[in-house]
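Look for subunit A in each of the two complexes below; its partner is subunit B in the first and subunit C in the second.
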Partner chain A sequence: MNNGRKPTQQKGKIKPPKKSNAADSQFSDNWDRLAQAIREIHRKNASILSFEELYRNAYNMVLHKNGDKLYNGVREVITQHLEEVAKDQVVPAFPVSGASSSQANSANGAGGANFLKVLKSVWEDHTTCMLMIRDILMYMDRVYAKSANVPLVYELGLELFRDTIVRSTIYPIQNHLLDVLLNQILLERENEIIDRSNIKASMDMLLELTDTSAKDSVYATDFEGRFLETSAEYYRVEGQMLVGECDAPEYMKKVEKRLNEEEQRVRHYLSQTTEPKIRSIVEEELISKHLKTVIEMENSGLIPMLRNEKMDDLGRMYKLFGRVIKGHEEMKTAISNYIRELGKDINETVSNSATTATAGESHTTGDRQTGTSVAIRWVQDVLDLKDKFDKVQNLALSNDKAFQTAFNEAFEFFINKNLKSPEFISLFIDDNLKKGLKGKTEEEVDNVLDKTITLFRFIGEKDVFERYYKQHLAKRLLLGRSVSDDAERGMIGKLKIECGYQFTTKLEGMFNDMRISTDTMTDFKDYLEKSALERPKLDLSVTVLTSTFWPMNLSASPRCNFPAEITKACDTFQRFYLARHSGRRLTWQSNMGSADIRATFNARKHDINVSTYQMVILLMFNDLPPSQSLSYETIKGESDIPEADLKRNLQSLACAKYKILVKEPKGKEIEPGDKFYFNSDFTCQLQRIKIQTVASKVETEGERKDTREKVEEARKHQTEAAIVRIMKDRKTMDHNLLIAEVTKQLQPRFVPNPAMIKKRIEALIEREYLERAPGDRRVYNYLA
Partner chain B sequence: MSKNTSSEYVKLISSDKFEFIIKRDIALFSGTIKNMLSSPGQFMESEQNTIHFRDIKAVILEKVCQYLYYKDRYNNSTSEIPQFNIDPTIALELLMAADFLDC
Partner chain C sequence: MATELKKVKLTSSEGTEFIIDRKVAEKSVLLKNMLEDVGESDMAIPLPNVTGPILNKVIDYCTHHRDDPFVSQEDDSKKVSDDIDDWDAEFCKVDQGTLFELILSANYLDIKPLLDLTCKTVANMIKGKTPDEIRKTFNITNDFTPEEEEHVRKENEWCEER
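Presenting the complex of A and B:
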């Protein structure tokens, strides 16, 4: 209605409003009536009052500038009333502390609940009254309170309540209140049922009352602090007790339960602001403080869980420990150490069986078999271990990347500790490609090969692996042992993806050689048909190998004197081949071939499959009468076969399962004085027999040293090549930078030693590829 | 005798015994009247739906009621709002009543 437009001077006087007498007596009258009214309101007798009259009284008082007197008067009346309430209602409801503690708790429980109920009713009464009082004093609020900077009536009421009841200086109400509240919470934690609505009412009351100095609710200043303290204490004790009593899975279940409990409690009757605080307290006391203890618990800690694959428990541990900062760290370290332990065990079983095997060095074929099986078992164990931890990772750890990295590091660590790991892995693949994959579907084949590739990734010295793989592949191809061409190619494809093109060129070259050789053979057969002149008496099949691709010592061709027919056949082929490809040189490798011989015994004829050397030896017996023998020396002299191979082949002929020759004197070992007879009495069930040629094996110490040396040589060349490449590009470079670059380039194949790199640099300086910069000794320049 | 508190009309009685009966929700445009009628406590007024204004004359109270209807009619309206005419002779008293009634 105050539309603010004063009418301009119009005719008609403006009647001034009626002046009322501003007498003090009227004031005190008014005030008495108001005070009485307030009391009536407190006694819940509001219906006999007239709002309008009270409102008007207050209005008049404020109008006549008695606002302050009114305000103070109201304050007094309310304070008085509250004090009465405190004395009459609140104090008698104090919970009595009983004699014995157990009684006290239950007595306190019941008494406490009662106290809270009383408090709640007092508070509710007060708030209702205050609302009514505020309504009638609305004018005062509007006009006086704002200008005099005093709190509004309702707020005044809250403050008075706070000061006279909750924080009463006369009676220990606050202590009792806090005690009762904390006690109730304690009871609930001990699984007793309490009345939550009472507590909620009290909390709400505390939340509504504000502490003027802290600008926060009384809840925050008075209650929350003590609540957090007592909770911390409670959980500290609980933590220690539980750790002593329960085993790890149980402990974690209880911790989970407690966490849920506290969360529920906050939701039901505490303030939301307390939620993060209490949660961090529980996490701190129950989880952080006992991380190591839980992990290391005997018979139930992390390691037994892994051992027994308790995925649920592991998952729970992962989730719980994820809440605290160091939780996952600890888990990771523990698991990583466990993996290393297991890896070490696997490595040790290998070296143990190796030592028992090397004890019997003389039985070469024997221990080589066990050597291979040891290798295969090692790889299988490692694959199983990896599978197990992959399962754990999947089911319990929800594929956490950090854990994956820790696992990988642990695997790398113990795999590279075993110096024979590249060889073992190559042997494993070899075994699978020779026989293991028979009968598996393409998927399963792929699966096994993929798993092997994951192991391959862990090896640090990939070039050692390459060398072994080449050797094994060569043997497989030449002896026709490979089960499936597709599987072989698949494997090479995967290696190409892992290590790049360079790694696999030679391997592919070997495959190509095999293919070309079959084509050449077909052509050779045609040539023989057509020429019709020098048909050799035997069926010759030749595989031509490009020397750079294949890993054998090809320049040093092993000696062997072939019988006449064989030499003639070989020459024919040689002529044929050189006619087609000029400029090439062929060298015959007699240690790699095999022959099928038809041997006539007394009983019947047999087809025997033997190695080239064995064929040479056996053909020597062709022209001998049956009773005559050949001595070891004769055989050696005529055939010119190297001694070690000779002994091995004689053993397979004379001392193994099928005795084609008879040895005198009898025994497993070949000695220089032995004599050999052709065994005409030989019998066997099968028409076709195969004399075992030695298959791929674990290397003896000597052979291993050889391989290592070759690897070292190759590494030297590669390092030098890398250095020259880098320097040519950059022209000048600092020593440390150069070492870092070289290491980075060589990383996919092997990890170079900085000292070794330094030696190579100096060798290059000597050969005048590089020079030291004249000013600075640490910098190198490239010399074109 | 519990009267239905949400009856449609309320009665406003001036100091010189004039009775003005207006709709309840229109009366609520005055802050004071609203408090009186919807206070949590059961004051007399809310029980009987009647308010005695012992300090306000009929002339003034009549104008107040007119204003309340005016406000109700044109509150949040987009059409052109006519001027609310106030007789200058009662202007001051009206001002005080307005302050009293918070409207």
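Presenting the complex of A and C:
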């Protein structure tokens, strides 16, 4: 084959190749041969061709500067071929009318599937041919295409395929293709089996073809948009239908299923880039749009699920709703409201039983029991509620912190709505430490106490709680009611961790006093042995309480006239004690304390355990002839016991289970004018009896008001102390900042009212601890 | 893979047969593609474009460089012509005619390293010479009219070393 070049001698001459007629005819020969070869390739007859020859042909053409002619010629041949293919193969395979409609119909599905198959084979043929053509024309690609800035041969082939077949302007191939694809997907969504490989082939084809202006695949420009549109529409309808038909758990299961389906679909035959888009569409249509509806479904929505502890369903809801922005918000709000509802109910049962109780008599010990039991029930209900939601949190919500916060806020809300909550919680602990923990293991004890601490955290007014706890603890210690010393200390330890050292110093002080008192008593006994003093006729046991620790008011120390022997014994002790500790003053607290009396009745003797007041009252009957009575006024006058206490104690003696005294007239209430007789006919099985002393109880309204006032008073002082502390440190501060800082400091104990703080500031200004800055009224200065 | 052992037959324009390892043959991208597309066959590949002696030289080069790593086609990242190693320099010590034939063959067979090498060699032959010297070296006739020549010289005055 003549190439127009000759082997050269030593010094070669370089001449520009001459264009001549010979070259022209050579070109058309070469070209004809190449064109024919390409046609043979298209006819799948490549094996008869000589690769090298064709390559050489192309090489020569480009060398002779006919690259452009070659290129265009190739383009024409391929285009022609593709047009034939479109007409002869693709168009006949069009699915019959109706198959491209959006109706899901198996028959239509088959027609569609066939069309895809044909398209797949056409595409595969084309790509295979193009590879071969590319290899032959590699020289042209390398040398001509780059410099002429035209696409490489293979890309050219893709473009021609795209324009001649997929986007053919002559035949509606694209419409059919897209319709069939969407129809197939629709069929699959309706649970029909389709041939996925066909669809995948079409998708791959669309992905390989590019749209030059969009610089993206034809898949993205032509198919994806429509797919997302139709999918959105499909799921919109589906969502509405399902919400109407299914209950909440069912609905969610179906949604889950759909999400999985779509994910699978993408993985199997769509492009990965579509995955996030279709997922957000499904999430939008099936979840976002129906959040509230599903949550609020009667009998199966979120509240019923919580009520019936359907952890699986709750877990599923949590996961599904987590996918959309507002999902968890809605859940949180719904659950939070539910907790507040339940909390409100719990609070209301309390106030209801309280009102029914106070509607009746308000001074019987019976009511006291009810009062306490109401408190304990309240706390137990709240603890149970907390347990329930902790379980939900754990099992269904994967311990989501945001939810935990929402729960805590809800709990805080309704717990603090109940003004008696600090008192109730203290009573609950009191009850447990008195009897509830008996027989429980150390672990169980710890458990219960921990739970109460979690409740304690929710209380806003921790100082109120402290006050009640001190009162209850005092009674427990003094009356020896505490079940376990370890448990008590454990509780204090936990409170210390929660609130710090300050909170618990006084409590620990109380414990210390008890311990020291036992030591003091031992020493006192020794002293009595050794001394020559007349031993008191009674066995005296004294507990010395440091007044600052214990919740008593010195000024309100109840007066009481002790009988002579008692007074003498007390004086002996006082002398002994003051000899040891100088600079101290002892005041006898007669509202505490108990006495063991041996009483002689007609039948037999009994040992009775009574309170100090009751002892005083009973001793009055000692010198009385049996048939004589003492009137209420007499008793009151001689003993000098405060009225309320007197009435209560008389009730315990005369109107309760063990009637040591007989009251005339009979009845539960103590009225002025009542007469009391010693009940010599009293009988009882037991040798030792205990007369119910004043147990810890829910405060009456009057007592509560009292406590509140004391708390307010203390708060004022604390606020002022905080203000002064801060101002001393900062020297000058803006009003709002000061309020914020004070609130922050006082927060662990209680939440101060800004108006109250302002009042305190004014008070301090008056007392010249602070002043207003001369220039700016909003700024304060510290006055040293 | 058994490509190491497979042999390939090439036929030059005069009909001389050359048998080489497939690995050596695949240094030519053209041959590589041909072998892949046509598949295993005992038939020789005809190369009517290339004479025996030239084909021989080309095979020499490919054999010597058979283990060179394939450098990805970074377009003209380094247009230097002074990085020719000794063996290659020796290889290029041939008459001009052979050298130009080598260039054409390397181009045809698509052996980029050889093409680069031979072109660099020619470039070095041109470098630093005046137009007249270049004409002498390559036996080029001056087909400028005096006016044209003057015009071009003026245009390129700024390049001339003073």
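Everything below uses one rule, namely that the second predicted complex is superposed on the first by the 750 of 784 C-alpha atoms of A that agree within 3 Å, B and C clash if a C-alpha of one lies under 4 Å from a C-alpha of the other, contacts with A are read in each partner's own complex, and residues count from 1 in each chain.
Operating definition for what follows: contacts are C-beta pairs under 8 Å (C-beta built on N, C-alpha and C of every residue); 3 or more make two chains touch, one makes a residue touch a chain.
The structure presented is a predicted model; accordingly, all values stated were derived computationally and were not measured.
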| item | value |
| --- | --- |
| Partner chain in contact with A:139 - subunit B first, subunit C second, else both or neither | both |
| Contacts of A:736 with subunit B and subunit C, given as first, second, both or neither | neither |
| Which partner reaches more residues of subunit A (counting touched residues only), subunit B or subunit C | B |
| Partner chain in contact with A:128 - subunit B first, subunit C second, else both or neither | first |
| Touched partner set for A:59, first subunit B, second subunit C, both or neither | both |
| Which of subunit B and subunit C A:512 touches, first, second, both or neither | neither |
| Which superposed partner A:48 touches (first subunit B, second subunit C, both, neither) | first |
| Touching both subunit B and subunit C, residues of subunit A | 1, 3, 7, 10, 12-14, 50-53, 55-56, 59, 132, 135, 138-139, 142 |
| Contact footprint of subunit C on subunit A as seen in their complex | 1, 3, 5, 7-14, 50-53, 55-56, 59, 132, 135, 138-139, 142 |
| Subunit B - residues contacting subunit A, complex | 31-32, 35-36, 39-47, 51-55, 64, 67, 84, 86-96, 98-100, 102-103 |
| Subunit A-touching residues of subunit C, taken from the complex the two chains share | 29-30, 33-34, 37-38, 45-49, 51, 95-97, 100-101, 104, 108, 110, 138-140 |
| Contact footprint of subunit B on subunit A as seen in their complex | 1-3, 6-7, 10, 12-18, 41, 46-53, 55-56, 59, 128-129, 131-132, 135-136, 138-139, 142 |
